Each structure stands twice: as structure tokens, then as C-alpha cells.
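So, here come the structures, one by one.
In the two assemblies presented below, subunit A is common to both, partnered first by subunit B and then by subunit C.
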Partner chain A sequence: MNWNSWLPLLVILSSLLPGLIIFGLAEKRVRLRIMLNLLGAVAKIGLVGWMLWGVYNGIHYEMRLALLPGLELVLRAGPLSLFFVTLSALLWLVTTAYAIGYLEESPNRSRFFGFFSLCVTATVGVALSGNLITFLLFYELLTLATYPLVVHRGTEAARHAGRTYLTYTVFGGALLLLGTVWLYTLTGTLEFAPQGGFLDGLGDEHRPALVIIFALLIAGFGVKAALVPFHGWLPQAMVAPAPVSALLHAVAVVKAGAFGIVRVVYDVFGVEFAAGLGVLGPLAWLAAVTIIYGSLRALFQDDLKRRLAFSTVSQVSYIALGVAIAGPIATIGGVVHLVHQGLMKITLFFCAGNLAETLGIHKVSEMNGVGRRMPWTMAAFTIGAFGMIGAPPVAGFVTKWYLGLGALEAGQAWVVLVLAGSSLLNAAYFLPILHRAWFREPSGVWPEERDFGRKETAWMLLLPPLLTAAMALAAGLLVMLPFSPLEWAKLISAREFYQP
Partner chain B sequence: MDVVFTEFPWGVMLILLPLVGGMICLLWPRRGRTLGLVTVFAVALSVVGVAWQMLDTGIYRHAVGGWGAPLGIDLYADGLSLLMLAASALVGLGVSVYSAAYFGREDGTRFWPLWLFLLAALNALFLSGDIFNVYVTFELMGLAAVALVALAGGQNALGGAMRYLLAALLGSLAYLLGIALLYHGFGTVDIALLADRVDASPVAWAALGLMGAGLLLKTAVFPLHFWLPPAHASAPAPVSALLSALVVKASFYILLRLWLEVFEPLVGSDAVSTLLGLLGAMAVLWGSVQALRQSRLKLLIAYSTVAQIGYLFLAFPLAAAAGATAWYAALYLALSHALAKAAMFLAAGNLLHFGGHDRIAGLDRVVQRLPLTAAAFALAGVSIMGLPPSGGFIGKWLMLEAALGQERWDLVAVMIAGGLLAAAYIFKVLGYAFTQADVTHESRAVPVSMEWAALLLALGAVLLGFLAVPVLSLVGIGEPFGVSGVGP
Partner chain C sequence: MNTETYAVLLLMVVAWPLLLAIPALHFRLPWPRYLAIIPAALLTMLPGEVSLELPWLLFGTGFAMEGESRWILAMSVAIWFAAAAIMRPSKYDFVDQRTTTFFLLTMAGSLGAVLTSDLVGFFCFATLMGYGFYGLLIQNVDEAARRAGRFYLIFLIVADLLLFEALLLAAFVTDDLRFAVVHEAMAGASSAQFYLWMVFISFALKAGVWPAHLWLTVAFSSAGRSTALLLGGVPVAMALLGAVRWLPIGEQDFGVSALIVQGLGVVAVLYAVLKIFTRASGESLPAWAAVAATGLFVVALGGGLAHPALWQQYEFFAYPFIALLAILLATLAYLVGGTSDTKLPVVVPQRTDVVTQWTVRCIATIQQWIKERLSGIQSHLHTSWLKSTSRCQQIVGRQKPRALRNEWGVRITFFVLLGLAMAWLAE
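== the complex of A and B ==
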């Protein structure tokens, strides 16, 4: 076993070990805890950067560990894995910094950061999984690690939200387990196979079973990806602290589900095989319905975080949509949205957290004139919102452009209508917020204002959204540079999905 | 040196050590704790010794006093026995460390001799090569276990112990009648010899009926589980742990042995295995629903045991087609349940000790106040729910694989439903552990060793999730399931 095979494991350990140590730390060891957190996050980024360069140059990183007779745990860093890992690693660092500022002086921080690290560990594990059982393992770990974060505040509402979250995710996990074992009894392997899945050998008599298995797997992942009708937990999980929401919506839970859908379509079934089964059409429709439904619901939410949550329901399904359209260009659009949505949504949640922490603003109706009081925060928010609407040059535009082109190329013009409708709706629920914030007069006193002197808020809270907003902007402006999300998505498409 | 190690009769030590240790504890009660700990540790080392020998030479066989079967007593161990011995030793170690801090001086003088006798009986049972010895160990085990349940005193404990005593005696009696029939019909009580001689005659069927009924009662399979929840819930925490983790598994182990070897000619008919599978499925559903309905933690855990035992019986109808996979699944579930359930009862004991009650709705902020105990409960819960990574997951995966491979959708549905219900009752407890509430009662500090004993056992159950390949290859020694080693 050479050095290269250890790298994927090291990436996982770089957040697992700090997390486990943090659990054991006394509450007052603030400095040590911060140091461990940041050390882990920086080490992870370093390792991931190294692997990115390696994979770009064609090096293979793989680690295997026997789990059961005939089944192995496989960690493998391919282009698609690394795409998600990079997103997680970068945003973990930013979110950790934000969480340190956000949770200053609040109780149970060791517990919080411990589970926070576990959550990222599970996400990175999901990304690096080289077969379905490894994926399942980390996916369930993610469910378990996130639960304490959702109920962190310990209020009755938090307990309730936690219960809803679990009801959905445990049920989804059971479906996923069922589908996975069933698939295994048919094929005898669960190894992800780029370029066409591993089901080619199965005869026609298995078609009905395979259709059901596809439905089971998509339902299992759809719960976390908040596909309608499995989305009910997401808006409720809003009671969690802002950094948790940010992580949930941009990196960890929701993305793990979307990523699972990508894996199922491309590396388990293979896009052509899935198209032959006739399962991609329904998936595309489900995604389209989710996109429109999420946006419609978002229109009517006054609670800012709830509005953002429904927006996530809608936006994450772009990924499923891009995958289900099943053409190279649409796929690029879907896959690149993994990163784009993450950058934009995390910005929005950071900003919402800042408003709540600094001024006590939780509702859209309380936001009149807030742009004057907190110009930097609202500037970041504006970039994120325009990205969501799909206005150039923010990253969201790139996604929609590729999705639309891809749909036309695949002869599915109706998708363009969905995209246009969704953009209109996005504008309809984001522009009023921006209008209130920038153009209306403040109504006098803020609900619960904290004084930060001449600054608008604590710098630990302000820097992260500015950084992620800048990244979202850069991802849209600098699309043609090597290592931009779009270029990497093209690399994935070329190397893993479609042979040139 | 090496010869001494490989030739040493480690198997005999497994029985002799706790037996003698228990007697010394009776004679010298003030040193009970030290003696007990030393003995249990020595037993664990002896298990390692046996395992070492078995890796070298395969099946372990020892004719006590030089007399072989059919006259003398043969000790016999294959991979299946070894695994059960190892589980007893591990759980025994954890529970002993816990008990050293849990029991005061007075209770301790009664606990240690009884526990060592129980351990001797368990080890003897797992090493037995004939069915009459098994009966003797059943009696010793039953008496020790009942006395341990009664240790807590009070009306609940005595009532529970009384029911337990009746069930245990009734079970043993039925089993004894079965032995008499077999001895009458086939002229031996040695398992290996019986395996050659038993045919599908009415005598054999009657014996199977009697012994089966007795063992089912002892294993507390639905609907014969009525004695288990009161006994396991009212006993002191370490005793509950031993009973749920080990004692019910012992009778399951004998049932499995008889099924695989003695009654093999009768197993060909589907009726019995279908019945066992049905009882198992009912146990999974009934036990889980009852667990969910409990408002007291220890009763919840006890009903969870009823449910988890049900899973073991799902292997019987699946084994005809799936063979070793189904048995491996049952075995892995038994093993991980032993560790996880012991951890869970010990954790419950900590909560009871700390808060003075075990009402689930009153477990506020446990996570802050007893973090290690909460972690132990949660990790054990992961295995009980069958979520990865844990031994419970491996067992469930194998069982699902066996069921899906032959399209037994009914059993698949039961397993999935059982997992969901388990998640519901585990998180019912954990949900309260995070709530904020004012402290309304005096709390008592929990000794560190009690917290760590629970946590380490729970970690063991999780770790089992990564050890499937070596563990299953150990089980293959002596081909207890008709196949050697592990195959896909």
C-alpha cells in the first residue's frame, strides 16, 4: 500500500480526529478548540489541494478495507468525488470560522463542534465513497451526526424539528438500505463504475426489479435532497443555529442527497441503461415539480430562514434535473450546480444569521432599510440573491445557461420553460427582500440590537459571507480559468460520464 | 514454553476458574470484589488461550479426566462455541468492572459468587458436547440468574424473579423430558453420536417438540416472552445486562446446535422452520411496538430485547436456501446485541443511579451531565437500530441479503419495520436527553468506571461492524454451518 492510497483516509481523518478530541475537551478550553478546528480544516484543504493536482494529472487515489466477505469499504478520489470534497473542505473552513463567532459565549460548544466535525467527516466520506455500501455507511453517519446539531438549542421546537428530521431521514435510509441489498443480490457487486454503471450484464427479466430499485434509491437520496414529496423536514430544521443551517443547505445533508442521485444515475445504473429503463423521464419531472413547488412556497414565507429553506428545496433539484435530462451539457450544468448552489446559499444563510444575531431580525417584514445599517452584509446577500435568480455574472447564471442549452440539445424544450418560470419566481421572492433592504426607510428600532461600535457586526460574522459571495461571483466571472468549477465539471463529464 | 501454552487445557479452566472462584467468594465474602475481577480477567485470558489452540488445531476437544464419550464428559468447541465464549468473556469483563463500583459491600458479597457461578454455567454450556450436561448447566444458570434478579429486593424484583424462576424451571423440565425420550430412543446423550443416530421417527419428533418448547420459553420468544420484561427491568443494572446479553443467548445457542446437528433429519420439513420464523417476526414487531410504548427506560430496553431475539429466529426459514449466510446473520446479530444491550442496560443503570428514576420523559440534559453515558446509549442504539457502522448493521445486511436472495418479502418487510421502530424508541430516549429543563432532584455522582464500562461495550458493538471478515472466519472453525471459512 503506497502513500497515494492513504490520502483519501487522511482527508477523512483530518476532520474526524479533531472532532473526537473536541468531544473530550472541557467547555472553557476555547483556544485549544479553535486551534484544533482550524488546524483540521486547513489540513483538509491542503490534502484536497494536493489530490486535486494529482487527479488532474491522472493519479489514482484509492483505499480498500474488507467489510464483509465479498464486500469492501472503498474510498476513491476521482474527479467527481473531489469536486464535492473541495466544496466541503472550503466551506467547512469558512463555516467553522463563522460558527466560532456566532456561538461565542453560548453553552455546549464542545459538543457542537464535535458533531460539526463529524458532520463534515460524513460528508467527505460520502463524496469519496467508491461503492454503494461505503456511500450508505457515511450517508447514515451523516444522519446521526446532524441530529444533535438540529436539536442543539434543546428547546421544545428544536426537539420537534429533530424528530421530524429523523422521521424523514431514517425512513429514507431504510429505503436506501433495501434498494442497496436488493441490488447486491442481483449483481454481486456495488462498485461505482464510471462510464456506464455496472448493470449491463443483467437481462430483461430483471427490468421490473431494477425500476423498483431505482425508485428506492432515488427516494432514499431524495429525502435528503428534499425532493417533493420528501422535503417536509427541511423548512422545520430551521430552528437549528445559523451555521448549522448554512452547512445543512449548502454542503452537508442536502448535497449528500443530490450527490447520491448523481451517483445512482451515472455510476450505478449508467445514464444509457437508466434511459433504456425509462426512469429518467419521471425523475426529470419530479425535479421540475420540486423546482416550481419550492419556489411557489418560498413566495409566501415571511420568516427569512424559511423562505431560504424553500428556495433550497427548489434550487437543489436543478442538480437532479440536469442529471435526469441525460445529455453531456445538461449534466455539466447539474453537476456544477453542486458547487454554485453551495456558494450562493451559504452566503444567504450567513447573512440571515448576521441579521438575527446583530439586529434580531428573523422576518422579511422586519427588514426595511436594513441595507443602510448593515451595508456589507446586505451586499453579500444581494450577490447571493442575484445568483439564485440566475442573473449574470453570478455563478447561478452559468448553471442555468448550461441546463437550458443541454435541455435543448437533448430535445426537451419544456425544461427551458421550467427554468424560465423558476427564475421568474426566484426574482419574485428575492427582489422584494432587496427592495425592502435598500430602498425602504427603517421603521425605527430594530427588534433586538446588539452594539458592535463602529462596525456593523462582529468581523468573524462579516468576513465569511463576504468571502463566499466573492467566490460565487468569481465562479461566474472566471468560468474559463482552469480549476474553475465549470472547467472541473467539464473534466468530470469527459472523464467519468461521457467518453470523448 | 510454547508447548505448555498450546497443550494447556484452557477449556477446563473456563469452567473451573469461575466455579472455584465463586466458592472462594462464598467462603471469603470480604474479598469478593477483588476475587471476582481477577477470576473474570483470568477467564477472558483463557478464552484467548482456547482461541489460540483452535486457530492451530481446529476443533477443541477435551475428555475430562481421560474418559471419552459416551462414558465420560467431553468438552467440545467449534467456531460457534468459541464466539459465544468470547462474547461472554467480553460482556463479563465490562459488567464486572461496572459491578465493582455499582454494588456496595453488602450487595457485593451476594453478587460476586452468584455471578461467577453464572459464568461457570455459561462457559460449561458453550463447551458441552452432550445434551445432559447442557441440562445441568441450565439448572445452575437458572438458579444463579433468578437469585441475581432477586438481589435488588423489593416487591417488583421478587415478583419478577418468581416469574422468571417458574419459566426457567418449566423450560428445563420440558428439555429434560426431551432428553429422556432421545436417550430412550437412541441410547445416547452425546450430540455427535445422536447426530448419526436420530432419524425422522415419532420419538425424535416428540423430543424436538419438547426440547424446542422448553428452549423457546427460556429464550423468551414471542409469545413466551411474558417473563422477560419484568425480570430484566427489575433486576439491578449489571444483572439486567448479563441476562439480556448472555443468558437468553445461551438457550438460543443450544436450540441452534440441536437444530443443526441432532434434529437435522427432521429439519427438512418446512413446517417447523416456518413456525419459528413466524414467531420471530411477531417478536420483532410486538417487542418493538411495546418498547415504543414504555415510559420507563429499563422496560423499554427489556422489550427491545424481546424484539432483537426475534431477529435471530428469522434465520430458520431462510437457512434452507441461503445456508450459512442466514446463520452468520443470526450469529452476528446475537453477538452485537450482546455487546450493545449490555452497554444499554449499564447506561440505564447510570441514569437511574444519577437521577434516582428511569422515567424517559424526565431525562433532561443527560447529554450535558453524563456525556459518556449518553454516548454509550447512543452508540449501542446505533447497533440495535442496525445502522452502519456497527455489528448490528452487518448482521442485518446479511439477513436482508438472505431474505432478498429468495424473495421473502414478508421477512424483508418485518426487518425494515423493526429497524424503523427501533429508531423510534431509541430516539425517543435520546430526544429527551437534549432538552433543557430545571434540575428538580438531587443527583448522585456516577463513578467513572461505570460510565466507561458502558461506553467501551458500546464501542465494541460499533467496532464489530469492521471486524466481520476475521470474526466470520473464526466461526468457520469446525464448520458448524456446513461450510468452512467465509464465502460470499
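== the complex of A and C ==
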């Protein structure tokens, strides 16, 4: 085993080890905890950067550990996995910095940051999995590591949300396990096979079984990806602290579900095989329904985080839609949205957290004139919101461009109408927020204002959303630069569709 | 001046106002609104043509300063300068800082739209301009401004969505999205008619072409004087420019579609003229003038779509026409339209007051004369359509003001007439 084989494991350990040490730290060891957190995050980014360069130049990173007879724990770094790992690693650093500021002087921080690190460890594990069983293990670890974060506040609402979350995700996990075992009995392997999946050899007699397995796997991943009708847990989980919401919506949980769908279609079934089975059409329709449904529900939410949550329900399905359209251009749109949605949504959640922490604002109806009081926060929010609408030059525009173009290329023009409807609804639920914030007169006293002197809020709370907003803007403006999310997504699409 | 410096100046036309739009920056600088126009003014005065390709920006965009753009750029500089002179916000108030930010964002968007050489660039800058202008439109925080803003925003969103769909169609047909290439590619494409209508409706919504003029009339009557001055030069003129650049005019005969476009233009002109001489108050006069002028432009567009050779011969005149139209509308808006800006009411010089009074008096005299002549025709029009409309409204219990009923009645009448005309033409 050479050095390159150890790199995927080291990436996982870079957050696992700090997490385990943090669990054992006393509450008052603030500096050490911060140092461990940031050190782990920076180390992970360094390792990921190294692997990115290597994969771009054709180096193969793979590690295999025997798990059970015939089953191995496989960690492998390819273009798709590194795409997700890079997103998680970058946003983990930003979210950790934000969480340090957000949870200042609050209780149980060691427990929080311990599970926070575990959560990212599981996400990176999901991304680097080389087979379905490894994927499943990390996927379940993610469920378990996220639950304590959802119930972190310990209120009745938090416990209720935690129970709902656990019920949904355990159910999803069970479906996934069933599908995986069934698939293993048919194929004898669970090894992801880029460029066409590993089901090619199966005969027509297995066709009905494969359709059911596909449905089981999509339903299993659909729970975390919040596909309708499995989305119920996500709006309830909004009682969690803002960094956890950011983690759920942008970095880890929802993304792991969407990433799972991408894996199933590309590396388990293969696009052509899945299209031949006739399962991609229903998946596209399910995604389209989720896109419109999520937007419609968001329209009627006064609670800011709930509105953002329903927006996530809608936006994450763009990824599933891009995959289900089954063409190289739509694939680019779907895959690149993994990163774009993450950048935009994390910005919005950071801003929502800032409003709650600084002024006690939780509802849209309380946001009148907040742009005067917190101009930088609301500027970041504005960029994120316009990105979600799909207005140029923010990252969301690039996503919609490729999805629309991909749909036309695949002869599925109805998708363009779905995108237009979604944009219209996004505008309908985001623009009133911006109008209130920038153009309405403040109503007087804010619900719970905290004094930060001449600053609008603490630096540790303000810098992360500004940084992620700038990244969302750069991802749209500088879209043709090498190593931009789009260029990487093109690499993934080319590998899936054009390589022998 | 060497080409590199020229190219940098080209980039600065857009980048400089964008940079100055950051409140922390324009708060510390004197006369930021004037400073922002300087690169554009310099570029207008420099002779020669220059283009700049930026493959790393967006999907690979570019800017170009050519003979055609120079007209529009010169007009834009003049109008932005005038608006900056009228708008004098204090830099210590949030509302005024916000207004300056939106002013500069809108300026960057409109100047970028003038200079960009491809569809994606135009779409981006037009979007920036559109949303920036919303901020200017509702700077007078009252119900009328809010209503105008609401209308404008709805039209803008729908127009942008249509334009985005058209952009996708164009990108599906050709990889190169420069205006000239798209013109040629779309003319031969199977989706040419669909593309034509998407683009036409989108820019008609943006320019307030009849019957999508609702936002324009409301906006003119509620906007502050400086914003009213910008209305003709920014959203209207840029939409007309967009139509010329996006539509594949002069490439093929679009048959019935071209006739419908021409018909719409004719009806728009007639309708607006009728409104001007029968109903328009001083404040809404620029709006109706804009509707008439855009109608005229639509007639020309329709002509170009029907007779490609004719358009190729006279295409160049479209640009000075847009520039002249914007300047005239701005002048009209300054003289007779628009409420004063909220914070610092503009003190209109005595000489202008006389001109204003003279203009209004002249128009009132002509209005009265036309009103008397048209009263017979109007009452005839009202007899059938308006009576039935009123009856329906009474049945459902909707007590709308009489003026609104009449307005709708006339509108419906024109639609029917237009439909009949089209049916006849199709025969």
C-alpha cells in the first residue's frame, strides 16, 4: 500500500480525530477546542487540494480494507467524489468558524463540536465511498451523528424535530439496506462502476426486480434529499441552531441524499441502463413535482428558516432532475448544483442566524427595514436570494442554464417550463423579503437586540456569509476559469458520457 | 491612445460604477454619481472602434465600442449626467445612500448592456439594470410608488423569464452567442418563430409597448423627477436596443408574425395618440408619448421582419432613433412629468416653469380640440362594448371606477379590431 492509498483515509481522519479529542475536552478548554477544530478543517482542505491536483492529472487514490468475506470497505477519490469532498471541506471550515461565533458562551459546546466533526467525517466518507456498502455505513453514521445536533437545544420542539428526523432517516436507511442486499444477491458485487454502472450483465428476467430496487434506493436516498413525499423532517429540523441548519442544508445531510441519487444513477445502474429500464422518467417527474411543491410551500411561510427549508426541498431536486434528464449537459447542471446550492443556501442560513442572534428576528414579517441595521448581512442575503432565483451572474443562473439547455438537448422541453415556474415562485418568495429589508421603514424596536457597538454583529458571524456570498457570485461570474465548479462538473459529465 | 488603454477604459465603463455602488466607497467620495459616468463620457469622445474579449467572464463575454453603440452610449451619458444633476441626495441618510447605490447599479447595468457584444452579457446587464431601477422607482416610499414598483417588478420578472427561455433556444441552436452570429443562426432555425415571439414579448414588456404599457404609465406618474427622466433613457431605450440586437431582423421574411408585430405597433401609436389628446394629464403625458414612440419603433421592427432587404438598408437609423427618443422622453419627463424627489425637492428654474406652463397649455388646447372632435367616435365605441362590460360588472357586484371601466373598454375594443385586422390579413 503506497502513500496515495492512504490519502482518502487521512482525509477522513482529519476530522474524525479532532472530533474524538473534542468529545473528551472540558467545556472551559475553549482555545484548544477552537484550535483543534480549525486545524482539522485546514488540514482537510490541504489534503483535498492535494488529491484534486492528483485526480486532475490522472493519479488514482484508492484504499481497500476487508470488512466481511466478499465485502470490502473501499475509499476511492474520483472526480465526482472529490467534487463533493471539496464542497464539504470548504464549507466545513466556514461553518466551523461561524459556529464558534454563534455558540460563544452557550453550554455543551464540546458535545456540539464533537458531533459536528463526526458529521463531516461521515459526509466525506459518503463522498469517498467506492462501493455501496461503504456508502451505506457512512450514510447511517451521518444519521446518527446529526441527530444530537438537531436536538442540541434540548427544548421540546427540538426533541420532537429530532424524533421526526430519526424516524424518517431510519426508515430511509431501512429501504436503502433492503435495496442494497437485494442488489447484492443479484449481482454479487456492490462496487461502484463509473461509466455505465455494474448491472449490464443482468438479463431481462431481472428487470422487474431492478425497477423495484431502483425505487427502494431512490426512496432511501430521497428521504435525506427531501424528495416529496419524504421531505417532512426537513422543515421541522429548523429548530436546530443556525450552523446545524447550514450543515443540514448545504454541507452534509441533504447533499448526501442527492449525492446518493447521483451515485445510484451513474455508478450503480448507469445512465443508459437506467434509461432502458424506464426509471429515469418517473424520477424526473418526481423531481419536478418536488421543485414546484417546495416553492409553493415556501411561499406561505412566515418563519424565515422554514421558508428557507422549503426552498431547499425545491432546490435540491434540481440535482435529481439534472441526473434524470440523462444527457451530458443536464448532468453538468445537476452535478454543479451540488456546489452552487450549497454556497447559496449556506449564505442564506448564516444570514438568518445573524438576524436571529443579533436582533432576535425569526419571521419574515419582522424584517422591515433590517437592511439599515444590518446592511452587510442583508447584502449577502440578497446575493444568495438572487442566486436562488437564478438571476445572473450568481451561481444559480449557471445551474438553470445547463439544466435548461440539457433538457432541450434531451428533447424534454417541459423541464424548461418547470425551471421557469420555479424561478417565478422563487422570485415570489424571496423578493418580498428583500423588499421588506431594504425598502420598508423599521417598525421601531427589534425583538431581541444585542449590542455589538459600532459593528452590525460579531465578526465571526459576519465574515462567513460574506465569504460564501462572494464565492456564490464568483462561481457564476468566473464560471469558465479552470477548477471552477462548472469546469469540474464538465469533467465528471465527460467521464460519464464520453469515455469508453 | 493605444488599444490596451482603450480596452481598459471600455471595461471601466461598467466596473467603475459597480465599484462605486458599494456604500462604504461612495460614502467617502465626493460626487460619486458624476465620477461614475466619467469613463463612459471619455469613451464616447474617443474616436475609433475597439473590442474586448473576456473568455473567463460568464460564458465568455465581450465588450465592443462601435459606431452603433456610440449613439446609445452618448445618449446614456447625457441622461445619466442629467439625472445625477437633478438627484442631490445627502450622503448622511440611509435612504439617500441606498438611492445612490441603486442609481450606480442601474447605471452599470445600462452602460454594460450598451457595450456588451453577446446575448448572455446583455441579459446579465439588463437584469442588473432592471432590478436596480426598481430601487430607484420606489425611492419615494409611498403607496403610489409601491404600486408602480409592484407592476414594474412583475413585468420585469416575466420578461426576464421569457428572455432566459429565448436565450436557451439560441444557445441550443448556436454555441457562439454574439449578436451577429445569433441573428444568422436563428433565422434558419426551426424554432425561429418561437424565438421571435419570446424575444419580442419580453422586450415589449420591458419597454412598455402597448398593451404591456401599464407599468410605464403608473411609473411615470409616481416616480420622482430624476427617475422619470431615466425612465425613457434606461428601461425603455435599453429594451428597444435589446429588441434590435436580439431579434433576427433583416435575415428572413417572418410572414404573418411580422404583420402582427406591425399591427401591434400601429394600434399602439393610435391608442397612445388617442390617450394623449383625450385623457393624458401633465404627469402621464411622457408615458403616453413613450407608448406612441415605442409603437412607432415596433412598426419599424415589424417592417424589418417583413422586408429583410429594407432593414439591412436602413438598420443604422434604429440607433440614432433610440437615442433621440430617449433624449426627447427625458426632456418631456423633466418638463411636465414626475413628482419632485422626496428628500430634496428640486427647485425648478423660473425659465423652465414658463416652458412647462406653455407646454401644458398648448397640449391642453390641443386636447380640448381633439376631445370635441372625437367625442362622437368615442360615444359610438362605448355603445356596445362598454354597456355590456358595465352590465357584467354590475351583475358580479364589482363597482369599479368609471374611468377604469372606460379604459378597459377601449382596450378590449382595440384588441377586437386588431384581431379582425389580423384575421383579414391572414385570409
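The rule is short, and it goes like this: the second predicted complex is superposed on the first by the 496 of 500 C-alpha atoms of A that agree within 3 Å, B and C clash if a C-alpha of one lies under 4 Å from a C-alpha of the other, contacts with A are read in each partner's own complex, and residues count from 1 in each chain.
By definition in this document, contacts are C-beta pairs under 8 Å (C-beta built on N, C-alpha and C of every residue); 3 or more make two chains touch, one makes a residue touch a chain.
Note that the structure is a prediction, hence the values are computed from the model and not measured.
On the superposed subunit A, the two partners subunit B and subunit C both fit, without a clash. Within the superposed three-chain model, A:Phe300 lies out of touch with both subunit B and subunit C [touch as defined at top].
In the superposition on chain A, A:Phe439 makes contact with subunit C only, while subunit B stays out of contact range. Looking at the shared chain after the overlay, A:Trp53 reaches neither subunit B nor subunit C.
Note on subunit A: of its two partners subunit C and subunit B, the one contacting more of its residues is B.
Applying the stated contact rule after C-alpha superposition, one finds that A:Thr155 touches subunit B and leaves subunit C untouched. In the overlay built on the shared chain, the residue A:Phe483 is in contact with neither subunit B nor subunit C.
Shared-chain residue A:Trp182: touches subunit B; no touch with subunit C. Of the two partner chains, subunit B is the only one touched by A:Leu136; subunit C is not. When both complexes are overlaid on chain A, the residue A:Ala174 reaches subunit B alone and has no touch with subunit C. Aligning both complexes on chain A leaves subunit B and subunit C separated at their closest CA atoms by 44 Å.
Once both structures are placed on chain A, no subunit A residue is touched by subunit B and, in the other complex, by subunit C.
Note for the complex: subunit C touches subunit A at residues 23, 55-60, 94, 98, 120, 123-124, 127, 131, 135, 138, 141, 153, 157-158, 160-161, 164-165, 168-169, 171-172. By the touch criterion stated above, subunit A contacts subunit B in their complex at residues 23, 65-70, 107-108, 111, 136-137, 140-141, 143-144, 147-148, 151-152, 154-156, 158-159, 162-163, 166, 170-171, 173-174, 177-178, 181-182, 184-185, 188. Note for the complex: subunit A touches subunit C at residues 371-372, 375, 386, 390-393, 400-401, 404-405, 408-409, 416, 420, 423-424, 427, 431, 438-439, 441, 476-481.
On the subunit B side of its complex with subunit A, the touching residues are 365, 367-368, 371, 375, 378, 382, 385, 387-389, 393-394, 396-398, 400-401, 404-405, 412, 416, 419-420, 423, 427, 430-432, 434-436, 466, 468-469, 472, 486-488.
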